[in-house]
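Next, two complexes with chain A in common: one pairs it with chain B, the other with chain C.
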Partner chain A sequence: MKVRFMFSHLKKMLSQRSPSAYRFGVALASLLVIPAALSFNSLEISQPVLKAAAEAVSVQKVWANEAAAAAAPAAEAKKDEKKGTEVWAPLAPPKLEAKDYPVVKGFNSRITVWFIAQLHLFFGAFVLAVPIFVWLIELTGVITKDERYDHMAHEFMKVAMTGFSLAASFGGLLSIALVVFYPQFMLYMTGIFGKVMIFYALAFFAESFFLYTYYYGWDKMSDGKAKTIHLSLGLGLNLAGVFLMMVSNSWASFMMAPSGLDDAGVFKGDVWAAINGHLWNPVNIHRFVANIAYGGSLTAAYAGYKFLTAKTAQEKAHYDWMGYTSFFIAIIGLLPLPFAGYWLTKEIYDYSQQMGITLMGGAFAWLFILQAVLIGTIFLSANYYLWCCLARSPGAKRYTFMIKPIAIVIVTAFLAWFTPHTLVMTSKEVTQIGGAHHPLLGKFGVMAAKNTAVNFLIVLTFLSFQIYQRSNKRAVGDDFWATNGTSVQIGLYVAGLANILSLGIYSYYLPASVRIGLSVPQVTTTLIVIVTSFILDGKIFKKSEEMGETQWGNMPVRSQYALFTLTIGFTWLMGLMGYVRSAIRQHWHVYTVFRDNSPDAFTPTLPYAASVVTVIVCVFIALVLFMFWMPMLAAKKGSSGEH
Partner chain B sequence: MHFLKPIIGVLVAYLLIKIGVPFLGSLSHPGTWPVVPTAVMKMYLFFIIAGAFVASTFSEEGYNGLIGPIVDLYGNPAKAKLRLGAVAAVSLLGTWVAYQYVKPSFDAPVELRSVHPAPPSSANMWGKSFELQTLKNPFREDKANFAKNVEEGGIVYYKNCFYCHGDKQDGKGHFYSAFNPIPANFVDVGTIAMLTESFVFWRVGTGGPGLPSEGAPWATAMPVWHTMLSEEEVWKAVMFIYEQSGVQPRVTATVAEKK
Partner chain C sequence: MEATKKGNSELGKILGYSLFIMLAFVGFAKFGIPLVIPELPPVEEKITGAMTQDQMVAMGDKIFHGKGTCTLCHSPVGGRAPLLDGVATRAPERIKDPRYKGKAKTGEEYIRESMKEPSTYVVAGFGKPGTNDTVSPMPQIDKGAIGLNDVEINAVIAYFQKSSGLPVTVPLPTGAAAAPAAGGAEAAAPKPAATAEEAFNKYGCVTCHKVPGIAEGGDMGPDLTKLASAAGSRKPGMSGEMYIIESISTPNAYVVKGFDPDIMPGDFAEKVTMSEMNLIVKALLGKK
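Our next item is the complex of A and B:
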């Protein structure tokens, strides 16, 4: 009834088509999100719920760190009469014992929370990403006046709707699991972030409002000002989603790199200081970019699945196009992702040398070899898909001779990238090599080689993309760019790759701190090659002719499996790296501040951890199939009824 | 014959890695034959084969050229004998691989050894605790006496470290060939150039026995120098090895410095 009431109001507004009605719509969208974001920094809000919770468990008695508690004279909540608000008590991290961790028969606390958290993150990443590119595709449709974009955007949202439910369900389950298995930890975290958690919960209402009005209002708000309102609702949905992601990121980054605490680890009362920790923004950026790539790959897998099961040529053509668009989005996210990852890792090193070395040089370094293998698989399958795409273009034969050299360079760069710094060797091999350090392969183990390799991978992946983009075009005319533009592009690629390689070799001989700095000109070179070459394409083909009609749907079946490989690679990678990010805290709930004394406070063996991640990935893939099946179920019912 | 191209390509790549890499490595380490470890070789080969496959099958022509002969071999009644031979060859290859895995061996187990293990947050030496995260070399800032301190560090080095780590700091001292693994090569940018001075100070001070169990088993003969040298001597020796090897210690901006 409420939805109908809301819709009737919206309909009324739209039918009036007045500027004030439009403004009201936008204002309504803004009102629900912006105050939450703006009030972050001045959270002088009373916390009756938090206070009641803290009193109920007698915080001062439970916290065993008496010295720290004594160091906080304002330990009792006091009333600030002038402002009429309450200033919350500083909280010391408790010293827990094994008995403080409830045991539920049949459940292992860590595995249960690990499982649920990872599944929640998978779905969360998906549903945060999809509305971003759905909104962009819808906007593209409005600008180009091409309705196909609008239909595709709508279909993407249809797929994501089940994902929203699953993300929310696992989110709720995670909250309960954390409270059940780690009550003291949750009490501590609530003591610090309680104020923000309330806004976090409220943001879900905002997101739900935007989600349902955006999705169910799609057909009703399809043109004119109504479309503008619809786009505003989509923007609101994305703002709410990003807000939710950033807030929950702050808890994870606080656990890794706590801030806003005094020397004794006691929370000083400034929530913003706790949120704005050393790793918050690197995690925000990395997750945001990764979500885009991940969301794109999942929808590409959906399109691939639909392509394989399509009955007609028309259906095949549609899902081929949808798959390509999703793939394109995934690649847009994938290309900057290594740089976002490097920044995060650098900040981890800066925060704690111990944590940084544990991550990259110690026990977890082996998982980074798996990471490199998975990223390489993603790059290889992405390139393979692009090469298969050439089958759509009648003019592509002119370029196929370039594919094998590109493949050789990509594989070589990839081998250099995943060569470990520390090699796994038998004692016989150690003797043959003359020690643990290989004189040749050791050179590929440092960042100088790895930065060079990843820049090569990115430039050549873009080259594959560019080959596909121009495969069906022929420049006409005799202006400078039409006749010489391609030669300039070739020169640009050669000079760019030579510069990246020489910077890599040069940086190998420099101190580590300077060497990392040289990755900046390498990345800049990569960006210059990509952007300039893209612009040059525009100039070269300003006047051009098609060499035949693009044959959407004319794709080999195996190309769709490349899309599946992409998705599974991303999912596995997220699970693995999610584990690493969390596990480098080792035996700490909050790094160096709040010790984990549960029976599970040990680092599991690498095969065990990898196995758990793999099982989670399998469960997730099964749920994704369910998610893909749901819209088809609706379509079947629809086709038997309305259509 | 289209299907032979990727196979030849893979074989060439294999030989380059199997023979070419050790040959080039032996030029810089005479007397050794630095093979590519089996674990790395497997990963290399997997992706070389995958690369050859994708580069050969992106087009229908290439795909049919590679897969066609296999389909023909298994489906053509006229090739029954050849098929039998191919199945037997594949089965024997599988048997040989399986046997290699399960046959008894006297080799020591594979070592999962971290070259640079994570340091503890603090280390006990000379009866006191050092916080490694914030620890700085006290002599580094003394610019006036820098040359003198380095020289004194050199004396410590030549009296104690030189025999293993060598005159050129390349890990080839008099006794180096007796050790497995050989002593660290400070000139290589993959060793001390990647580490902060506090890390090197801790490694020198606590030696092999002071290493964490994280990367066990530890096969290192590095002595526990804090029982034989003073704190001052270790710091100066650390300064000397950086100066002499021509590399700079890693510097990480601390959170406090950033803010």
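Our next item is the complex of A and C:
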């Protein structure tokens, strides 16, 4: 009775004082309760399981002792423990059997770890990215002396605060889940990375220190020397975050491409060799860039919701600006992301052709058609949002004629990227068509077409962005760049696209092994077009005038849905690529070294993985609502609308 | 209150829209692209002396298309690695190539070496980029993720030899099966003979041949009691051991003068187990 009274009191208080916070609470509760009810119907750990767990612990001890004894000759680093020096006994990867994996009633080991790891990654990526662009926005505010940037940076940080707790909570849960479900795997990993793990844990203290001083000291350290200290704290926060990301990446990349081991998989004692494996840096770069894009898209969704529920024009303008800034950050990350992905894939091939082919030409080949759909969705929604943004600029009418041709090329490029190499057909259909490749569409299925398509997508997305950026400006003056700069830019775009297309066509006449190398000049061309065109904009509009006031808030509702599409596309794509990054190890905990012999060692099918990813994303959305609800709960009435 | 309703309605729309997008992605994954069921983790093949030669060849075929993951590259799709049709026929020629860096003397050794040390000979156009076909991108298949053992490698070589129309020359596995593999080929095999005499009687050899160790024997086929001295010189370049194996598995490959072809049954490769074949070969060559 008392509980019911408290609940109704809380409900009344929230609905009156903070309606938006209350709405989030209701949505959160409903989204949390449903999957919880479906997934975790039993938390009971039965007696036999406890017994098995106890046996597993004793097995571990025996195994650890045996392995240490077997590896004794290799343990040259082992020194006298009594003298207080280091003791290091390399462990050989054990040959496990299904019975060596603890079973906890009500939990599927793999799905549980998959769920927790992915949720940890979602929040980890978000809280790594947000402080980076918050710091840059704050710095921009300091340089331009425009306080609006400072307020916006603070608000971004406010939104992310709960995310830190959630990322850390899921990180802790993941560690426990791994120890519970995969104890021997964790023992092996700890035998190699144990020392690093200690520093990893200590880095959380550093991050917490920087996080809380940075966030809670925002108003106190708002000007003068104090602002410099505040920026230094932000820098410390980012360095700690990047350190944490890189350390945990080293474990994941070690599992994919182990290093620092002898032929039997025994650790040779050099931790740096184990960390600095073949895929560590490609994974670092890919995740860093992707996190920026992802963090931007999440805050864009927050701003989108706030825009749609804004009560005043001022509030609407503020969240429109915030949404655009977030979107801009997402695009900054999105444009180089395919290149980072290509590099990672190339390094996977270099490390193991077998793994590379399994990824791109084996069991997961069709996954990349699904990936093409997702990336196409992201690019299309990004472009659509940019075209909607033209509504804010009084001078944009000069450019609207370009939208249709850009849209046609983007859709064509997307379709080329989306076209599969080999068609699945009946023998009759194969006979009728004359092979497994369509005589015309089959041409779009090879990398020659796909590399060309993705470069076109990137160049034209940048063009959409550039059009918006200059839509409200008019060059003033009669110097060379003001009068001829645009013509030079047009020439640059035409030459660049023609070069990308020519290289793509030429590569059809080359062997497959050489063809892939042509992606490098294609990418270089794309980068030259983007960077040069950007620099030229600076020269053209060195002296410029606005063609009218930018009408922040003058955006159609559908533009915000483009932002939501972007966010969902990113999140779902991250989940999918998380699955494939892990799944290409196939039946190995540590590829080629430590075999996974658990009952779940098989590779799940794509529809199965897609379903799991969807449920994870649903749970994530529920938690994001909670994360966004927190700052609203604390918000004072009338504090928004700073812009 | 009005604002709350609007907010709830907006949130509902956003969540509904988000769910719709995700369901579209799942729907595409489920219905838009073909279902590929990844293979189950490979298991170590049980290749023992209780198998027949044909069963060993079949096992090699299975490893080639499955656990060995050979067809990821050695297939017409993608042109990543040379096709292996007739590889056993080409193998002796490879050894004579000036670019060959290995130690193999026979085609069988060359194939084994190519699997364990792929860079000893790289087929033109299939080397790692920038190495001028001196370094192969192929992994060592007795190590790493594939990790075939020697018997599995021999089974794959046997498959290559058989599919190239050549006699199978790989060392035969010995010993009985520890336990029949679930659903494996050996599950239905009869109990193998324990001695050469048992094997000669089991397959009815003495009906047509005189064989060492058994007093009585027929004369429809050649006398095999003196084969030990003749076997090694019957076919140029072929050892006595391989000649006997070939004569049992493919009787018409060499017909002794004065005897008619097509008399001896041609299905012994399907019936005689590897351990029995070993016993027969040793007995006919006078080895113990």
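By our rule, the second predicted complex is superposed on the first by the 545 of 643 C-alpha atoms of A that agree within 3 Å, B and C clash if a C-alpha of one lies under 4 Å from a C-alpha of the other, contacts with A are read in each partner's own complex, and residues count from 1 in each chain.
Convention: a contact is a pair of C-beta atoms (placed from the backbone, for glycine too) under 8 Å apart; a residue touches a chain by one contact, two chains touch by 3 or more.
Note that the structure is a prediction, hence the values are computed from the model and not measured.
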Original post:
Putting chain B and chain C onto chain A via the overlay, clash or fit?
Top reply: clash
Original post:
Touching A:278, do we find chain B (first), chain C (second), both, or neither?
Top reply: first
**OP:** For A:592, decide between first (touching chain B), second (touching chain C), both and neither.
**Re:** both
**OP:** Return first, second, both or neither, reflecting whether A:602 touches chain B, chain C, both chains, or no partner chain.
**Re:** second
**OP:** Mind working out whether A:502 is in touch with chain B, chain C, both or neither, as first, second, both or neither?
**Re:** neither
Original post:
Is A:517 touching the first partner chain B, the second partner chain C, both, or neither of them?
Top reply: second
Original post:
With the two structures laid over each other on chain A, which partner does A:358 touch: chain B (first), chain C (second), both, or neither?
Top reply: both
**OP:** Quick one: classify A:387 as touching chain B (first), chain C (second), both or neither.
**Re:** first
Original post:
Which holds for A:408: it touches chain B only (first), chain C only (second), both, or neither?
Top reply: first
Original post:
What is the contact status of A:564 with respect to chain B (first) and chain C (second): first, second, both, or neither?
Top reply: second
Subject >> Clash-bearing segment of chain C, relative to chain B, as chosen among 79-87, 187-195 or 259-267 >> reply: 79-87
Subject >> Set intersection of chain A contacts, chain C complex versus chain B complex >> reply: 352-355, 357-358, 361-363, 365-366, 369, 373, 420, 422, 424, 511-514, 592
**OP:** Note which residues of chain A are touching chain C in the complex, please.
**Re:** 15, 19-20, 22-24, 26-27, 31, 263, 304-305, 308-309, 311, 352-355, 357-358, 361-363, 365-366, 369-370, 373-374, 377, 420, 422, 424, 511-514, 517, 561, 564-565, 568-569, 572, 586-588, 591-592, 596-597, 601-607, 609-611, 614, 617-618, 621
**OP:** Spell out the part of chain A that touches chain B in their complex, as residue ranges.
**Re:** 257, 278, 349-358, 361-363, 365-366, 369, 373, 376, 380, 383-384, 387-388, 390-391, 400, 403-404, 407-408, 410-411, 414-415, 418-443, 445-446, 448, 508-515, 556, 558, 592
Subject >> Complex contacts: residues of chain C adjacent to chain A >> reply: 1, 3-4, 6-8, 10-12, 14-15, 17-19, 21-23, 25-26, 28-30, 32-42, 69, 72-73, 77-80, 125-126, 129, 137-139, 143-147
Original post:
Hey, which residues of chain B end up touching chain A in the complex?
Top reply: 21-22, 24-25, 28-29, 31-40, 43-44, 47-48, 50-52, 54-55, 57-60, 63, 107-108, 110-121, 132-133, 171, 180-182, 184-185, 188-191, 193-196, 198-199, 214-215, 247-255, 258
